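Per-chain residue numbering starts at 1, and chain names A, B and C are given in the order in which the chains are listed.
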């Protein structure tokens, strides 16, 4: 509504941006992990975990700051929900990478690489939007782009799923690959979920 | 609490009813899709997607209206949560139909048809309850009935799951059918989730 | 914030404690069920359902009380979210037990027993924390301990998953065991999710 004075920002948006920047790093590491031979993925998975741990710490700090600040620059619930949904994105990216290592996947089908490439794009556009929450300007292009990417991802996911389940004689391979493609799709949904929240905040506060 | 004056409704409940009416159409299409031979399901799946897309647009419009309205006829959060949970129901119905097509299911076991029939009943009772949110009258029968249907659905789901997993020699078929029965169960849970919200709102506002 | 007077507690924390005590009972029954031969699990599963049903009734009563009380001892939303997350824990414990029976599992791998043992510990520490919500004192050790247990559970889960998927020639057995280990992991995540909420409340109210 914008009727009430908002507190001056005390670094809230810088922190959200930092968490979102970790998503760029995380999705880049995931794409790298998927392009490596099976035996070389372990160390890269540890890098991914390190980024996820750093995001957990940042999120925790952010949540405590919200809960300790009397007047926040956006609704308290909106701020915590932003952090929560950013965290969801990171968790799912990390889980996808982890499953690939735990399942000792050999050949990774092309369509899974396409899913990972979309996640990289989602992370970039998300990280560039976070600082704009401060003024709530020019956010529209962000959520429109994430929605466009998510629609594209849906199509790719359906192709992945069909390929994996209908053209694979090895049931254990089906189980493994289906888990990974689902997790990558969930990660993309999480980016869309975040964008929908930003849209709601932008409209409410404008 | 009912202590504060509420704004006059400006079509909020009509919009929720419209979204819920789409659930009747969506669950009917799902049941029809399941009764058709494999080769004839594609077009019907597109009909289901069209209904789901229309619901997405309605939901989006509804959310923007909530965020742009200063005094809403129910708590803003309750209204947006209602739309969000209605959307969940539609998404899961759509996903179930989609999986059936993507997996090119041949014979669909009887118990999955029973799950779909319960979803049709849930949709009807939900759509007929939405207009009553305006006065908050006579909603009790709605959530009692949804809870009854959901309990019935739980029993059916357990039978489905047991049949699919314990009496099926083909692991790929198990994977496919288990996904579909789970999605149908998730859809029914989503209807119950919505009914629980309505119950909470009715008690709070009475 | 602690700036506003809170209502005197009218049994809210006693009710939350009662719901959490059911989690001790539920996780104990789950561990017992897993240690029994396949043929003897059915009755124990019914005991687990009975506890879950009792929790549902308590939660329902609690929610109605929140919605009928004008001034609650904590934010209304925090109280309902506490009940909701406690309910999630119970549901997932119940689902895990149910799957074990429906899938007629024979040998239950050691790592699944370890997961169940962690859930028992989570339930105990959770139930002992609930009464302390009244004064918000000494809650820190609770969420620190749950986080520690959840990290341990994550490690165990990764071992379970790897064992189940990589060293099992029978795909149907993989499907069954993977479902159970995932559900046990979800239950542990639900305990962590609850602990994160308690941490947020404690910081906000202090």
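Note that a residue touches a chain if its C-beta (ideal position, glycine included) is under 8 Å from a C-beta of that chain, and two chains touch if they have at least 3 such contacts.
Heads up on the chains, UniProt names are A, B, C = TIGR00153 family protein.
Only a predicted model underlies this, so the values are computations on that prediction, with no experimental measurement involved.
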{"item": "Chain B on chain C, rotation in degrees - Cα superposition, rounded to nearest 5", "value": "120"}
{"item": "Chain B against chain A, contact positions shared by both copies (same if over half, else different)", "value": "different"}
{"item": "Chain A and chain B, separation of their C-alpha mean positions in angstrom", "value": "27"}
{"item": "Numbers and ranges of chain A residues touching at least 2 other chains", "value": "171, 175"}
{"item": "List of chain B residues in touch with chain C within their complex", "value": "1, 158, 161-162, 165-166, 168, 171, 174-175, 178, 200, 203-204"}
{"item": "Touch list for chain A against partner chain C, complex", "value": "63-64, 67-68, 70, 80, 98, 102-104, 171-172, 175-176"}
